[in-house]
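Please go over the structures that come below.
You will see subunit A twice below: alongside subunit B first, and alongside subunit C after that.
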Partner chain A sequence: MNAWVGTILRVDLAAKTVVKEPLNIKDAHDYVGARGLGTKYFCDEVDPKVEPLSAGNKLIYMTGPLTGTAATSGGRFEVVAKSPLTGTIGAANSGGYFGPELKYAGYDGIIFENASESPVYLYIKDDVVELRDASALWGKSVFETTDLLKEECGSSFKISCIGVPAENGCLFSGVLNDKHRAAGRGGLGAVMGSKKLKAVAVRGTGAVTVARPEKFLDALTNARKTLKAHPVGGSGLAALGTQVLVNIINESGALPTRNWRDGAYFPEANETGGESLAEKYLVKNKGCFACSIDCARVTRVPDGPFKSSGEGPEYEAGWAYGADCGVSDLAAICKANFLCNEHGIDPITMGATIACAMELYEMGAIPESDIGFPLRFGDPHAIVKLTEAVGRFEGFGKILALGSYRLAEKYGHPELSMSVKKQEMPAYDGRAIQGMALEYATSNRGACHVRGYLTSPEILGVPIKVDPFVTEGKAGLLKLFQDLTALIDSTGICLFTTFGLGLQEIAAQYREAVGTDETDDEILLKGERVWNLEKHFNIAAGVEKDTLPPRLLREKLPGGPAAGKVAELYVMLDEYYKVRGWDSDGVPTPEKNVELGIDA
Partner chain B sequence: MKLKFFATYREITRCNEEDIPVPHDVWELLTSLGERYGAAIRVKLFTPDGGKISDDAIILVNGRNILHLKGKDTPLDEADAVSIFPMVAGG
Partner chain C sequence: MNAWVGTILRVDLAAKTVVKEPLNIKDAHDYVGARGLGTKYFCDEVDPKVEPLSAGNKLIYMTGPLTGTAATSGGRFEVVAKSPLTGTIGAANSGGYFGPELKYAGYDGIIFENASESPVYLYIKDDVVELRDASALWGKSVFETTDLLKEECGSSFKISCIGVPAENGCLFSGVLNDKHRAAGRGGLGAVMGSKKLKAVAVRGTGAVTVARPEKFLDALTNARKTLKAHPVGGSGLAALGTQVLVNIINESGALPTRNWRDGAYFPEANETGGESLAEKYLVKNKGCFACSIDCARVTRVPDGPFKSSGEGPEYEAGWAYGADCGVSDLAAICKANFLCNEHGIDPITMGATIACAMELYEMGAIPESDIGFPLRFGDPHAIVKLTEAVGRFEGFGKILALGSYRLAEKYGHPELSMSVKKQEMPAYDGRAIQGMALEYATSNRGACHVRGYLTSPEILGVPIKVDPFVTEGKAGLLKLFQDLTALIDSTGICLFTTFGLGLQEIAAQYREAVGTDETDDEILLKGERVWNLEKHFNIAAGVEKDTLPPRLLREKLPGGPAAGKVAELYVMLDEYYKVRGWDSDGVPTPEKNVELGIDA
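Here is the complex of A and B:
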């Protein structure tokens, strides 16, 4: 059926009913799939003012048309709900093997409604779909839950689940699958926990067929060759993983240090980079479904106080626990990151929240008695202890579990939360990379690096090199990157394929899979439609305006190549709204709504 | 002058960082590296005809990409730090 399998599962957790309904194929055409289609279903069915942790919020799993096909890295699916961290539309995607398995079972997506009174999990084996008791799983970690469900259902089942922090409302808890892959940002795990839904276990024996198999094969063969030939998508990411970014971002003077307080150069960064990770702790590479990039790291700290094993850390997590906390002990960073996967929490927000607490403690705003020990920048034991505290949801961990904004507000300094719309900014200083400043401010899910990723052209030179200090032209470039990433997330392939592929190769795979003759530009327009739909939801939800923490707007970088610079957000923001076809308050105009076919 | 190698350049040079006599400009520096480390580094630093710096090489002088300075003609002096990366990415 043209890359779709044609059925959506609608699960009422209160009534304990499961209904199979046909996929809305018109919406699938207009909003592509995954992030776009999940958001479309959500916006049509949920009041934007809904309390995120109430039964009225819905939780949607949605695959894309390319999920489960042989398309390049076509294994992703999206989790959508209103975010309890930001109050925005919450959409986070994940790789691994869960998404394809859901389609092989015969379902393009799942819509969870209402809340169960007791813990349950959803069992799916092809046509058999049922809610089962999960009382024995409640209180278990992600790893324990995954192992227990594989024991109960069968080792071939793919498991998506939450950990203990999500059960208890941690606002940055994620939805994990295949143990180490995460729909990580925005606290969607807490929405799942509020519904007493512990997990989804799925096994499918069907297949996904595409509309024009021969042309699809040509398109994906071309895409795979192009990706393989690229220095990053071909061998670069496999060799050193995403942590390889640490040194280039640091040398560019853009690695935020000690809660962004001490500028953007961390002298010990090299000790935490991808080169050190490969030399000391890398066991092997790992890839997701249908992936030729293999960027994931299986890692092991063999001895010492932080002896542990797992996967990662990825660049953003390595920064959050490293430079942002002033920690240079890579073993501690690895262990803290492993704990995030085990307990199902977002390591970016976790590390950044600890960094915020460190600054608050050092300035005397948090008493030692609240924490239980002195919390100073640079303490490797602290990042592990506090992650464990959130993982077990105990002590000071209960306060940290609300994220840096609510922490900083509680102790009287909300301005020290390095967040946008209450979600923590990742590992690129917008004072040194101006486009990233605009990206953080305008991201529809709060600060985020993968809602555009202007670091690629501004620092890495992919696909073109632009000057990170310049503001001119960044608005138009960001719009293009935002629309393109919205499209890619919606197809069900991995964003990392853009380290080698462009719109042309991605649109070609989409076109032949679903059987459309739309042009590349018409397909890209769907990404813009997704972006605008998300914006409409946020406006209706009453989300705060697009801005940045005052530290980025007023505190000049103290050194490095960008010394003396602040984020020149307001130089770029007006132009951004214009190129988006929005009014000066950032509201899409009626003309733009008509152009995109959005009923607003 | 300080010279820093990163990622795959470390495998070729077996060096993370060193102090070197100051070359006149970036082109002179890269040419000397080509002589010192041979074909393994030349194929990464230069285009196949040897006439230009490869698009896949990222050269920073004091943290600024030479594409935003004077390219291969970017002058160097004693206080400068040059960082050499292959094309990398992540996120």
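Here is the complex of A and C:
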């Protein structure tokens, strides 16, 4: 076997058993790995109607065939479960060093079944795999847990774990590894918490082989060269990190401001952007396994009320705490973001939920007594205090911990949750970037920017520039981006390589690593298969229709380059379903299922 | 015993038993009768969390002490159950002749418990009370059922029954009596249908006595004189029926148009108003038992595609099918309204649900294939076809039969249901009449115009004129109207008498009929007690917070006298909770409970 190592760990948390079973190689061929293969295992084994926080849900870690190889940024893995936030298939991708380490220990993935009665963690050192007591870790933060486990197991172990919010059912708690890397969205941390599984600690000393080493090296060298030569993937991201986007998106009139209430232009945006971050707080760049981009930032606020240090913020986190909360204090934004990693929560949903609470408070729908203080837009202390409250699972934090949809519904205004399928939209206004509107509406895990990132062509002009205000043709473009993303997420390569690479370079690396002669199109079809499988799961789970918050459909942008625009969703959606080969309700047709080899 | 006859029928539909039990006279004293007393019995006997269409729900018919007396318009009774539309306490009031007849047979009310396995109806002829097989009536319309039962039991019997939608769980099906009178809102017909109770047929030959006949006659004479002298209650309503409001409300810029999407002015309103109705289709006026107002209209469309005859439409029904659906063809409106009575459904929710479907269709959210034809605003044939589809419970009618909230939610836009607590708002725009906004938000049975009709002071100037755009003071005014309405609904007198009468005249009739020396204020307090009891039930049932559809809170009226206005709900709501003696979450305080003598 090449690229895949050939073994899956199946861990029954109730029976406390660990079984090693051979990888289903047919499925690995059809669904590649990581996101695709994890989802395939999940869909074959779990009832789509399962209650996400019940023992019937499963939690799957899955690497891709290129994870742990020398492929461009090939260190990714996926965590898969039914999401308690959205009720959709939940699949979240993470970088760092955990995924490669798991493969070096000899495992492509881990399937966690049922729930333990008391806290445990999974210890993996090559062949030795055992469930160990984690009572002493329960109640500890991500950082504390990581440090304690490295002390207990050895400093070379890679740790994936959850924080206190996840233990308590926070619907946007993530699964974090290497302290700062997160399988962040959709609340998969809460699934892990519901199983009383605090962590996985892994150390591997084996290797991953590829099928055709010389050709693989050629493909790799070519890809690296192409990536390095690209202005975004080669130098732009390295220079300023993802926060480089703040001014670009703001000047495009697409930076949603104050819970999307006040349009999409934030006058103080520059104070919160990548340039300011580099100037004031950047310590150094940092990269994941086998990465040449090094988009991560090690940052430090040296003094003042928000003195703190950590990593980030990424662009979306910086926006959620910044423009979305009307906050221009970058130190507060940094600190709030650090807290998210420390406690293992998704900063996009966290910031957006605070923004939603701010709007509800300002309109009078949340009484001050419920919060404990006046919660107005622009308050830098509020974003830190409330993130801490969720991190410690205290007071109003317990309500915020369910995300903006449940918050807004509780206070009578579900329409003020800026979410799709109950997951918060990130930092791009679909009124100013029409393709993003369609992306949010159709994403299989709720609103998301990494499930078909049309901001790339519509704003950045990568790989080609298209008009962000035009709706025609966006459906076809989105399908391509969604399928390609599903493929990349399944290989173990980082999506950010697409700021330079295309299908050709990705497919070439995959081909030589696993030893196949499939064409680029045949390989891309695997991405489409993954997308359709996810959609089938969601339909069977009874997930709500594809749509957008009413604000995007009816409240015109008040100013900026996109003044007067709303999201023209339904014209694009009609076309999208046709392009996908789905019926007018968005259900894949029998012909499409046959084409993709999906039993439905 | 005076005014109350002193006996309640308790019918177990599962065991097929009928028990006569003495009226709880203490409760009758505290909660008066009809709406208040029916609710009191209900709250004492039923778990607020009961599933409304399960056998655990109960269905109560209750008359008031003044029902069947010579009191002004004293022919009303109430049907009480937990509403399947709203999940709130459901209480719907009806006129006609059924209520008095029930009292003449010797019963203040009927409590239906559990569910029958096969269709039955309750036969009441004075002392003879029995459940009879209704298999032959199942599947029949309200009109057919009424005719068949009169044939079977005798033409002097009064019939209360349900139609086919109610048999099938239509969430806005009503309980109809005398063919055209309806306990219409909240889907109480579906509760009756879920119990397989098709009808109640009653004939009574007894009498109702009052405590102090001479003083009662004085009170009555005075009230009649006052009512007759009033321009609205004395002649306005008689002349043009409730449809007289169409032009008045439209000229106030408060007639919601096309699912409230296009503001609150309908240029073709006059074609659908009371003047046009009188000129084109009115056959004659008609009144209920003991009524001097005669607001009902017998109407006939003599020819054309909408040839039909029946009664109505009332103002709210005419609006729902008219301005709300953008339809100006009065013949189509009449026919659609006739169909509602024939099939036993609430025309407000029916019309508003079609309007909602029209907006969803026009924006692209409902595919044409689901409906069967293009559903555009302004189509007179559509309102008739879709009402028939619900009446026969066929095709798209099965989806519409769940009301606009479930419809809009199904198609991804719950915010486009113009409803509060899932019941559709009637024909007054709360942006142009601020008090109505507060009324809709706080009504204990979901949006409603007959739970504190502030249009009366704000637009009609009855009893005094107040500014419809002002928010200050509306909370106190609304509390008074709500409490007074709860009192009147509980006495058995018709609410429409308040277009002329006030507390003084109502209290005087009540006092002499039941023989009490309570002051006007003490009598009004009973209304407040009823209101608070309803609120307690809703809180225990877990009903959602008091609020309004986002459209009213954020979409400014585009033109007319109220241009630029939104509903200033939350400032009024704060004040309202204070005036009510409730806490800031809208929960009655312990002090208020003690004052009203409510155990909570």
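In this text, the second predicted complex is superposed on the first by the 600 of 600 C-alpha atoms of A that agree within 3 Å, B and C clash if a C-alpha of one lies under 4 Å from a C-alpha of the other, contacts with A are read in each partner's own complex, and residues count from 1 in each chain.
What we mean here is this: a residue touches a chain if its C-beta (ideal position, glycine included) is under 8 Å from a C-beta of that chain, and two chains touch if they have at least 3 such contacts.
Note that the coordinates shown come from a computational prediction; the quantities given were computed from them, not determined experimentally.
**Q** Let me test your reading of the model: by the given contact rule, A:456 touches which partner, first (subunit B), second (subunit C), both or neither?
**A** Touch partner of A:456: subunit B, not subunit C.
**Q** Looking at A:365, would you say it contacts subunit B, subunit C, both, or neither? Reply first, second, both or neither.
**A** second
**Q** Going by the contact rule stated at the top, is it subunit B or subunit C that touches a larger number of residues on subunit A?
**A** It is B that touches the greater number of subunit A residues.
**Q** Go through the superposed model and pick first if A:561 touches only subunit B, second if only subunit C, both, or neither.
**A** first
**Q** Answer with first, second, both or neither: which of subunit B and subunit C does A:465 touch in the superposed model?
**A** A:465 sits against subunit B, while subunit C stays out of touch.
**Q** Does subunit B (first) or subunit C (second) touch A:573, or do both, or does neither?
**A** So A:573 only meets subunit C here.
**Q** Contact residues on subunit C for subunit A in the complex?
**A** Result: residues 363-365, 367, 369, 409-416, 544-547, 550, 553-555, 569-571, 573-574, 584-585 of subunit C touch subunit A.
**Q** Inside the complex, what are the residues of subunit B that reach subunit A?
**A** Touching subunit A from subunit B are residues 4, 6-8, 10, 16, 55-56, 58, 60, 62-65, 67-68, 83, 85-91.
**Q** Contact residues on subunit A for subunit B in the complex?
**A** For subunit A paired with subunit B, touching residues are 231-232, 236-237, 239-245, 247-248, 251-253, 270, 273-275, 295, 314-316, 449-450, 453, 455-456, 459-462, 465, 467, 469, 495-496, 499, 560-562.
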